[in-house]
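Below: a set of structures, written as structure tokens.
Here come two complexes built around chain A, the first alongside chain B, the second alongside chain C.
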Partner chain A sequence: MILEADQISFRYDNGNRQILNKVSLTVSSGERVGLSAPSGFGKTTFCKILAGYEEPDDGRVLLDGKKLSEYGPYCPVQMIWQHPELSVNPRRKMKTVLKEGDRIPERVIRGLGIEKDWENRFPGELSGGELQRFCIARALGERTRFLLADEISAMLDLITQSQLWNFLLEETSSRGIGILVVSHSEGLLKRVCTRQVRLDRENGK
Partner chain B sequence: MKITNRRRKMVLWMVLTVLLLIGVTVAGWLVGEKAAVTDFSRKNLAPCLAYPFGTDFMGRDMFLRTLAGISSSIRLGLITAAVSAVIAFFMGMASAVLGRTADALISGLIDLIMGIPHILLLILISYACGKGFWGVTVGISLTHWTSLARLIRGEVLQLKESNYIKIASRLGHGKLKAAAVHMTPHLLPQLITGLVLMFPHAILHEASITFLGFGLPPEEPAVGIILSESMKYLVMGKWWLALFPGLFLAAAVLLFHFLGQGIALLLDPENAHR
Partner chain C sequence: MNGHLLEVKGLSISFIQYDRGLHQVSLPVIRDLGVTVDRGEMVAVIGSSGSGKSLLAHAVMGILPYNASAEGEILYKGEPLTEERQKALRGKEIVLVPQSVSYLDPLMKVGEQVKNGRKGPSWREKCRRILGSYGLGPETEALYPFQLSGGMTRRVLISAAVMEEPELVIADEPTPGLHLDAAKRVLGHFREMTEKGAGVLLITHDLELALQTADRVVVLYAGTAVEETDSRAFDREDTLYHPYTRALYRAMPEHGFRSEPGSQPYVKELPAGCPYRPRCTMALPECSCEVPLRKTDRGFVRCIHREAEV
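The block that comes next holds the complex of A and B.
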């Protein structure tokens, strides 16, 4: 499958400057594309548009030539957010987070190092890194075809980072999932990605 | 050996409270007939062994009257508070979730009801429904949901912007499911607090419109009626007429307050393991 951003332009309603200006990007299945740019250049906004959280002012997001909205309620492009503590409901237990996803295979839950005992806790009783594993697992449901990883490991120590990324590389390549990796860390992008794109250079080309 | 933790102890206390309130309500309901018996040979007696709360100017047993009055107040307060909270929940939710037209309609309705003086609307509705217990109940229920509905609406609008609700929608959950599963746990504490606060409010309204003659019939033993009657006799030194019913009303309200706090604490994840 091919995820295609076609001439995307976007500006927030509050009259800010044009954040994205005719940005195009293509990611195919099994590909791991690194996306980097300085802060404030719209990396997260771009991810939100690709995953259908925001509608672009101009341009289209196509998945195999069809619009994203035609794919039914479950979006095949899933985004993992930068802040895990904001991405889970503080008043529901962690096992419900896993159930929110689309039949998450047991292999994913174990592979991410989620312990059985954590599932009966509330989000406030887990650390950011532990929460992030749940968020990653939730995004890896059966019908997920593309993953947008927005700074998902910035808050983790190096050992946990490598554990998570090793698992993600294995899981996505065996299922043919394409990833867009957003990060400030050159080292990580070099190690993980098959190709790299600078958003600030794509902008307005 | 420790068999109980704080959570279990609290649940135990709450169960006892509920049983007590149910007991008073049922007992008051059953003695309703006896509470209306007048006997002029025993009028204006101070509290004694036979009549622990004394008797009033018509020789009615104040203990039975207090019991019956508290019982009808609890029933009325509970029904009206529950109905108001449910209306507020659905109105607030619909206003925030269903889109702009629904929001404008419901907000307009809230403003309309809030714009009319409370007691006037209450009297009109109660009178239209034929006064009595049900007239008062319908009247209070229909006029008291507005401020809570506004609160719920604001809360839902805020929740709608939270990441986890947006994520749920991208994971294919519909609006209804998001509302039921994700928003309700956040709204319950507000609803319960609103319900508990509504309870004394409703009882006082019942008392006031009964006093004005548009509520319960005067022969019915209600705390509002008892209190307004006893006002006349208070200056004559008949302190027991107002003291015991007033104390019991305050106690019932306090018990409800304690219950509400308890439920809110039990539902809060911050306290899940205490």
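The block that comes next holds the complex of A and C.
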């Protein structure tokens, strides 16, 4: 499958603040594409558009030539967010986070090192690294074909970072999932990506 | 003047938090932390997010939230940093570069905030020069905080801190939201300040960035300082002494990207003794008792194996 962003433009503030201007990018199944761009470029917004959370002002997102909305209730493009503590409901136990996903294989949950006992806790009772494991599991449902990883490990210690990435590399290559990896860390992108894309004001805008 | 510019001894910070209903629990976020900063030196404290490292900055500045309590000693220029001294010195000799953009006044223009109430052409000139050195033009002065991007806000916060020519800078996560070049430039500015004789305490989660700029590194694991060493010790694995620091070394993308199983414990379930014990391959029954600090040739380490090795 091919996930394609075609000439995406986006503005905030009722069109007053342009953040993305005709950005194009393709990711194929099994590919790991590293994306780096200066702060304020709109990397998170770009991921949100690719995952169908936002509509671009101009341009199209196509998955094998079809719009995301044609793929039924479960979006095959899933996003993992930068701040795990902000992407779960603080008042619900962690097992509901797993239920929010689409039939998550037991292999994924165990592979991420999620302990049975954590599922009965509230988000405030877990560390950032533990929370992020749940958020990654949630995005890896059976029907997921593409993952968008928006700085998913920047705030974690390096051991946790390498744990999560080593798992993701194995899981995505065995299932042929394509990933877009957004990160500021040169070393990480070099290590995990099959291809790197650097966007800046000149060629992105 | 002799002695350290800043010396933190045996600092423990705990938080009172509501558990269920009216039941309160005390969370020990930082336990027995010691760190020193000398003039002309940049010391980095490394810990992952949520490990409570911002509280160290807040304890030194005297701005801990009401539900946090601190124990231990903080000395500035060899004398205890009392509440009165904190009030007199903060914002002048000791400045904080805060972590979040919410530290700016939303109703005040940026230029006024950087000048901090001082008037006159010489201050205006200085303000403009400092903002300019961070790549912010004079038009920035007339903007309100909501009109700035994340990276711009961070540069404004740093500009406000350096207006004073401080002797001690405490930088709490000054780099997230900045791309690599901008982050390096910011740390380069801190480096210049140390060359003029100031001390910098850098609190961050980014080990790689810290190793590039800091002189010494204190590694926190679940709120406990497990090792203090100089940055060059991270060039090789055998100059690091704590099993956690060595595991960190091996997990760096350029050193193999290998991971160890397990995760950092949440503060409510800290094991007794060494917090790394459940994941440590060298753990012994003695590790569950209080582990004292041991001196090394490069700093200190909190591990019982150190003695056997020396």
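Simple rule for what comes next: the second predicted complex is superposed on the first by the 196 of 205 C-alpha atoms of A that agree within 3 Å, B and C clash if a C-alpha of one lies under 4 Å from a C-alpha of the other, contacts with A are read in each partner's own complex, and residues count from 1 in each chain.
FYI, contacts are C-beta pairs under 8 Å (C-beta built on N, C-alpha and C of every residue); 3 or more make two chains touch, one makes a residue touch a chain.
All of these numbers come straight from a predicted model, not from anything done at the bench.
In the superposition on chain A, A:Leu188 makes contact with chain C only, while chain B stays out of contact range. With both structures placed on the common chain, the touch criterion links A:Ser39 to chain C but leaves chain B unconnected. In the superposition on chain A, A:Trp81 makes contact with chain B only, not with chain C. Contacts of A:Gly129 after superposition on the shared chain: chain C is touched, whereas chain B is not. By the touch criterion defined above, A:Gly72 lies against chain B but remains apart from chain C after alignment on the C-alpha atoms of chain A.
When the two structures are aligned on the shared chain, A:Met155 is found in touch with chain C, with no touch to chain B.
Once chain A of one complex is fitted onto chain A of the other, the partner contacts of A:Gly113 are limited to chain C, with no touch recorded for chain B. Once both structures are placed on chain A, chain A residues 125 are touched by chain B and, in the other complex, by chain C.
Listing the residues of chain A that touch chain B in their complex gives 51-53, 72-75, 78-79, 81, 83, 86-92, 96, 100-102, 122-125, 138, 141.
Of all residues in chain A, only 36-40, 85, 113, 125-130, 133, 154-163, 165-166, 184-188, 190-191 touch chain C in the complex they form.
By the touch criterion given at the top, residues 47-51, 149-152, 176-180, 182-183, 205-208, 244, 247-248, 251-254, 257-266, 268 of chain C touch chain A in their complex. Against chain A, the residues of chain B that register as touching in their complex are 162-164, 166-168, 170-174, 181-182, 185-186, 267, 269-270, 272-273.
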